[in-house]
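Next, two complexes with chain A in common: one pairs it with chain B, the other with chain C.
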Partner chain A sequence: MTEISKFIVGFLVLQGAFLSLAAAIGVLRLPDPYTRNHAASKSATLGVLSLLLGVFLYFWLLKGEINSKIILGIIFVFITSPVAGHLIMRAAYNIGIPLWKHSVQDDLKEKKRKESRE
Partner chain B sequence: MAIQILLNFLIACIWMFLQSDTSTAAFLTGYFLGLLIIFAMRRAFSRRYYVYNIFAAFSLLAIFIKELLLANLSVLKVVLAPKIKASPGIFAYETNLEKPWEITVLSNLITLTPGTLVVEVSDDNKILYIHAMDMDDADKAREDIRNSFEKAIMEVSR
Partner chain C sequence: MFEWVMGLSLVIVAISTLMYFYRLVKGPTVPDRIISLDAIGINLIGITAIFSIVMNTDAFLEVILLLGVLAFIGTVAFSKFLEKGEIIENDRDK
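Showing the complex of A and B:
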């Protein structure tokens, strides 16, 4: 039992670290703020979630104490990080940062143009 | 829905007083009896039996987690590929949802879906502008949003 829980905890923590690393690589490699935001808001969310879950399970299964603050932390990150991603995206668009040159479509531009004409 | 839950709590409390026993077990027994009573009286309420809504909320949570995992896989694929090949773009998506909280949940879901991120919600809450990592997949994403997410959210608020 301890061995299995050790394995699960180790897997979760490593997965979280790996996903956070992938998010960092994504932020470095992707071409424009919008695509970078994709990597940051998704991989970092799941990375932090699995790290926290691993820590929770470690204290629960191996030390025998339930730390409910970690559960609350998981819920908060789960709720707030997509909103943060959305707000950064929106702010970037509204101050006029251009999309990547290979972008194929921009429906929002039409709407903005219409609004500024009115 | 909230009124049914409150009523169920009330029935559980009345059960505890009838037993003059304030243990958790008595509360749970009373709650279970309340579930039966409310099920028997379900035609007296304007909304449907609230257990369905709770199941719908759990299935929405399951969709959330599944999409989060899939999204991370697809981001990993793009990020770790030797050459970045993506054709990003912003597409408009018309939603049928009306209440503000439904639209908030929908945008959170979209943000955690593979390859999509909400950029802006129009002022009349009708159109979501979504940034997609790959516009080739955008039609599929649109179908997914329409068929699975919107339906699941409507199921919760019905």
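Showing the complex of A and C:
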């Protein structure tokens, strides 16, 4: 029982760490701020969620205590991290950061031009 | 084996924090830097979580919640400053 619990916890923590690494590689390599935010705000959130789930299972299965602080942390990160990504990217679009030069479609630009004409 | 996996995960998360730090220094625009600061805060949560397994104590678990709240508030304040020029608006007719 202890060995199986250790295997599950180790797997979850290692998966979270590799997802964080994937997010960081995406932030390094992608071409413009919008795609970088797409990598960072999704992958980093899932990575840290998996990591925190591993820690919760560690304290539950191996130490025998249910720790509600980690559950609160999981819920909070899950709710607020995409909201933070949305706010940054809306600010970035409104101050005029250009898209990647190979982007093909920008519907929001048409809408903003129409609004400014009225 | 278990301790070895925990050490490996700690090293991997530290490497990804270093990559975000590179983007924080080099990043050509301001939103890039805000993204990488936010993600460094998220990674600090993960480092704290793994460290509480390594040290075998539950004394650091408040830090997880606190870092989550602080990273979110900082990001929201930065993006509001970028968009509107001030964080707390006083005039009613703006």
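The rule we apply is simple: the second predicted complex is superposed on the first by the 118 of 118 C-alpha atoms of A that agree within 3 Å, B and C clash if a C-alpha of one lies under 4 Å from a C-alpha of the other, contacts with A are read in each partner's own complex, and residues count from 1 in each chain.
Here, contacts are C-beta pairs under 8 Å (C-beta built on N, C-alpha and C of every residue); 3 or more make two chains touch, one makes a residue touch a chain.
This structure is a prediction, so every number in the text was calculated from the model and none was measured.
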Fit or clash - chain C, chain B, common chain A: fit
Partner chain(s) touched by A:Trp100 [first = chain B, second = chain C, both, neither]: first
Chain B versus chain C as contact partner of A:Asn37, first or second or both or neither: both
Which superposed partner A:Ile25 touches (first chain B, second chain C, both, neither): both
Contacts of A:Gly10 with chain B and chain C, given as first, second, both or neither: second
First (chain B), second (chain C), both or neither touched by A:Pro82: first
More chain A residues in contact [chain B versus chain C]: C
First (chain B), second (chain C), both or neither touched by A:Thr45: both
Gap in Å between nearest CA atoms once chain C and chain B share a frame through chain A: 13
Contact residues common to both interfaces of chain A (with chain B and with chain C): 23, 25, 37, 41, 45, 83, 85, 89-90
Chain A - residues contacting chain C, complex: 6, 9-10, 13-14, 16-18, 20-21, 23-25, 27-28, 33, 36-37, 40-41, 44-45, 47-48, 51-52, 54-55, 58-59, 63, 65, 67, 69-70, 72-73, 76-77, 80-81, 83-85, 87-92, 94-95, 97
Residue ranges of chain C touching chain A (in the complex, touch as defined): 1-2, 5-6, 8-10, 12-13, 15-17, 19-20, 22-23, 29, 31-32, 34-36, 38-39, 42-43, 45-46, 49-50, 52-53, 58, 61-62, 64-65, 68-69, 71-72, 75-76, 78-80, 82-83
Contact footprint of chain A on chain B as seen in their complex: 64, 68-69, 71-72, 75-76, 78-80, 84, 86-92, 107-108, 111-112, 115, 117-120, 122, 129, 131, 133, 135, 138
Residue numbers on chain A that touch chain B, as the complex places them: 19, 22-23, 25-26, 29-32, 34-35, 37-39, 41-43, 45-46, 49, 78-79, 82-83, 85-86, 89-90, 93, 99-100, 102-109, 111
